[in-house]
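Each structure below is given as structure tokens.
You will see two complexes here that share subunit A, one where it goes with subunit B and one where it goes with subunit C.
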Partner chain A sequence: MRGKFLAAGIFIALGVVAQGFWTPADAKVSLEKCTICHGKPEFRKILVDGKIRDLFATEDSLKGSVHEKKTCVDCHFDVSEIPHRQRPKRVTCTHCHYKGNAEGAPQSDAYLEYFGSVHGKAIAKGNTKAPLCQDCHGSHAIFKVKDPGSHVSRLSVAETCGRCHIEIYAQYKTSIHGVALARGITEAPACTGCHGEHKIYDHKDPKSSVYATHVAEQCSTCHASVLIMSKFGIEAEQVATYQNSFHGVASGFGSRTVANCASCHGIHDIRPPEDPLSMVNPKNVPTTCGKCHPGANPNFALGKMHVDSHSKESGIIYYTALFFKYLTIGTMLALIAHIFLDMYGRTRRLRGE
Partner chain B sequence: MSMNDKKDPKRQTLEQEIKTTVDEETAGLDPSEAGKIREKVRARVLEEVERERRIRTAKERREEERRRREEKRRERLHEEGETFERFNRNFRFQHIVMFTSVIILIVTGMPIKFPEFVLSRFLVGFWGGIHNSTLVHRIGAVMLIYFMVHHLLYTVFSRRGRRDLVLLIPTPKDARDAVQNVRHFLGKTEEKPRFGRFSYIEKFDYWAVYWGCVIMIGSGLFLWFEGIVLKYFPKYILDVALEMHSDEAMLATMAIVIWHFYNVHFNPDRFPGTLMWWHGRISEHEMKEEHPLEYEEIMAKREKQEGAEGPGR
Partner chain C sequence: MSEESRSPVTVERMSFLFRVQHMLLMVSLLVLAVTGFALMYHENWLAAAVIRFEGGVMFRGIIHRSAAVFLMAQLVYHAFYMLFSREGKRELKEVWLTRRDFDDFLQAMRFNLGMGNEYPRFGRYGYKEKFQYWGATTGVFLISVTGFILWAENFSMRFLPKFVLDLTLIIHGYQGLLIFVVLLFWHLYIVHLHPSVFPMNPAWLTGKVDVEWLKEEHPAEYEKLKGEGVI
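What follows is the complex of A and B.
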């Protein structure tokens, strides 16, 4: 009985050790085989549209990346013949990246959000230009988001998105957010700051974080924070004053035609008001307001836009509010006092005093 | 009833019976006096008999009770004396237009001032979104403007309107009345101030509506036609108009809900409210109580008229 157990134990131990021994050797073999061709720097393919597909990949390709310990066929598992009879398929990341995987990939279901996103839906519809995971995260050089070398790091994600969204990238690059980020101010948002990471939706989709009625909320995640805004000398009250204005109230009640932050300040081309190209530069205000209020003239720019009737800087508006405040308090106090005196008198007479 | 009585043979024997009994009792009296007594007794007995006849079933009894209540009410009304027309039909119409428009304006306006309030979302949703809500607000605005124009024309071209306007002008007496009223509330004096057609309270209400209408319609029109306004005025004028519109709305709403509702609804004399806004009539009792000077004036005028007509008759 005991002998049987021992034998089984030895057998299992051998198996474990053998696996430990053989796997690297196996990987080595695979890598060596692949680099016979892929290791040559000039190994590339000219495609029908004239583009060149670089097929160069060596041992170093994965070095330092999150997949450092993986080998070619771990991802390109459909490659079984050399030379390949068929063109190898694109790598499917979800083979390992799902919650509950045993491969050592992060336990996350974040990829699920991708399938509902505008990109995932485009792929499902058969749009070959829409991005898969590797189009944003990189194919061999995949690093953690915090790593500055990553394609999706705070500082480089805009460039990654800009590979397809070229015009928007150009606008963003010269906008206040783009310039600030380029200067290394990490509080400034890149694309993902507003649009989200995996769950990017079309701006006409009510689920989108930049849907007309969600824009104010999205901007306010940073712009309502005194902590962030005070660093750059921007007023954090702008959010509250917008929300109290008719535009803000109507937007809160679900109006999609009323102005949100982006309607006046621009979408990707947000610039500071001093910038002559800014949509909210006093010179451009008539044009900006004129988008909704036909015939807007320079009078639109006279006076503060984000008016707070409680702050003294609002001038005449502040004094109007002050006048009405005391008028209301005075009148109501007198009227309520009269009511109570009347009731007091009635009570007295009822008691027969 | 009398027709039936004569036809009914039973009734005739009854009458005969009454006659003999009363004649016996009043034998020693003057014939005319006796006749009067006989008539009274006859009426009383007939009424009693009639009532007995009618109360046969529960349903009939209920009807009877209602009839008696009605009679009682009529008697009391008679005690209170005649009623006077306080507000004519034109004025009542103006008031109805005004309060309808004000209710519409408050219901569609307040959600914009207090978007976070629980009811706001419901009130906006009731009209089908903010766009419709603002549309309804403009309908209310048109009604209020119509009321204002109607009232101005009324005060200019109607004799009653002109007379009322003159009576609504505040006078030193109003200040004295107010002081005396407060002293009366506090029990310092037993005498209530004697009001004319409009007490200082009513004068305040009237001019408060005037002020409110001017501010609300003025600033409201600015906000409605913001495109035209901005052609001639800078933007901050529009912001001032917005601030005025919002603040005066609050003041007006509070004045209506607290002050006006107390005076005409929650005041123990009036609770839960009179129908004067509908029929415009005031009883003699109320007239003597609340507008003694006007009452005296009417009485004096009537006496003078009767005196003038007297010799002719």
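What follows is the complex of A and C.
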């Protein structure tokens, strides 16, 4: 018995070693074959519409990327003869990227979320402009998210999204979040900070993190955090004061027409209130409120917007609330006192008679 | 025959029309309280459940405002009735606040504290009933004003700055609470817990009260009725 196990062990060990020896050799062959053509810098194709498709790819193309150890046909597996007669199909990442894969890709099914997303659904409907994995993550130069060179890193993801969403990118770039992120303030959100990564849905889809009734919650992930907000001198109570306002309560109970954060502050073009272009700049408040409140005038800007009647900074509102609180308590006590006094008096009255 | 002589002799204290008004007032105030406090304390689970039960914030608002319109209509009707009907004029005269009510209150307090020897002899309505009546009426009138400002927010803000509306909202809520507290505690006392009527003064249902009770609690009225030969 023992001998058999030993033999099996040696056999397996040999197999592993052999694989270790043979695979790179195989890869080398393949890569060399590919680079006969693709290694020439001028190797490109002029498409029907006049665009140029650069087809240059060498050994260095994958260098430093997460697929450094992969070779051409690992992804372009539909290339079986060289030179290939047909244009190879677009790479299907899910060939390796699924939970339980044996290729060494991360064991995660997070990619599946893409198929339900607005992009994945558009692809399924045949929209050729919708992005596949490689459109955002890059084709050869794929790096880990934390790597600054990655197309989807915190600092570059907006630019990546902006390749298609050009106007929104321009708005974002000059917004408070875009400017902050460009300055290297990594707390500021890029596109994915609010919209999610793979599970990006249309904002009219109730699953979306930026659906009308989810906006406040989404903003509050950062704006309700004293830890983050105190760094920039922004009040973290804004979320709570919104939630306690008419707008917030209605939104909390599912109203989709009531104002959420973005209705007043803007969506991609959020700017600080001091900015004359900001929707919440006192000068622009009548226009902003006027979207829902017909005939809004400068009166709408007179007074604090995010009012907390429990905070002293609210001035007259705080003191009025305080006055009424004690008036109510006082009335209650006076009434109770009167009840007991009168009952006591009545017993005296009855005894006296 | 002693049993028969002790059987309660009653006298009308609330006419049918007043009982109907009282009933409608009670219903609309309760609806307003439930819908209003649900919004005021929306963070509370019970309030949240109430809002959901009422069909969400939009329907809560519609119910609240409908009840409010109904209540204000009652107030207007009541004002006209009190000012122009024969019964109303008579009742208004009885319930009108006079200097005597203040003196009665002080005298009652002195007596209750053991500093006086005579308890005031109330007429048809003592200071307790009058406080309730005028407190509720004034409260309903004032809360209607703030309610209207909030209801017509776009119109109000043509004239009023934003912080005044914030203030109005706070005041409206506390006015409601105050009215609720006064009605609750005062009713609890004068028509429920007061030993002479415990567990309940039946006047709001039957319209009638015991003559003996009248003699004890409203002696001036008792004597007046006796003088008129009603009793």
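By definition in this document, the second predicted complex is superposed on the first by the 318 of 353 C-alpha atoms of A that agree within 3 Å, B and C clash if a C-alpha of one lies under 4 Å from a C-alpha of the other, contacts with A are read in each partner's own complex, and residues count from 1 in each chain.
Note that a contact is a pair of C-beta atoms (placed from the backbone, for glycine too) under 8 Å apart; a residue touches a chain by one contact, two chains touch by 3 or more.
As the structure is a prediction and not an experimental result, all values here were calculated from the model.
Asks: If you stack the two complexes on chain A, which partner ends up touching A:Lys40: first (subunit B), second (subunit C), both, or neither?
Replies: neither
Asks: Determine, under the contact definition given at the top, whether A:Leu341 touches first (subunit B), second (subunit C), both, or neither.
Replies: both
Asks: Between subunit B (first) and subunit C (second), which, if any, makes contact with A:Lys99: first, second, both or neither?
Replies: neither
Asks: Classify the contacts of A:Lys144 with the two partner chains as first (subunit B alone), second (subunit C alone), both, or neither.
Replies: A:Lys144: touches no partner chain.
Asks: Tell me which partner A:Lys207 touches in the superposition: subunit B (first), subunit C (second), both or neither.
Replies: neither
Asks: In the overlaid three-chain picture, which partner chain does A:Lys291 touch, first (subunit B) or second (subunit C), both, or neither?
Replies: After superposition on chain A, A:Lys291 lies in contact with neither partner.
Asks: Using the touch definition from the top, say if A:Arg163 reaches subunit B (first), subunit C (second), both or neither.
Replies: neither
Asks: Can you give me the overlap between the subunit B contact set and the subunit C contact set on subunit A?
Replies: Residues 246, 249-250, 252-255, 293-297, 299-305, 307, 309, 314, 316-317, 320-321, 324-325, 327-328, 331-332, 335-336, 338-339, 341-342, 344-346, 348, which sit in both footprints.
Asks: Which bits of subunit B are touching subunit A when the two form their complex?
Replies: My answer: residues 111-112, 115, 121, 124, 129-131, 133, 182, 184-187, 201, 226-227, 230-237, 239-240, 242-244, 247-248, 250-251, 254-255, 258-259, 262, 267-268.
Asks: For the complex, which residues does subunit A have touching subunit B?
Replies: Per the touch definition, subunit A meets subunit B at residues 243, 246, 249-250, 252-255, 257-258, 293-297, 299-305, 307, 309, 314-317, 320-321, 324-325, 327-328, 331-332, 335-336, 338-339, 341-342, 344-346, 348, 353.
Asks: Which positions of subunit A touch subunit C when the two form their complex?
Replies: The contact residues of subunit A facing subunit C are 244, 246, 249-250, 252-255, 293-297, 299-305, 307, 309, 314, 316-317, 320-321, 324-325, 327-328, 331-332, 335-336, 338-339, 341-346, 348-349.
Asks: Spell out the residues on subunit C that touch subunit A in their complex, using ranges where they run on.
Replies: Contact set of subunit C toward subunit A: 39, 42-43, 48, 51-52, 56-58, 108-109, 111-114, 119, 153-154, 157-164, 166-167, 169-171, 174, 177-178, 181-182, 185-186, 188-189, 193-196.
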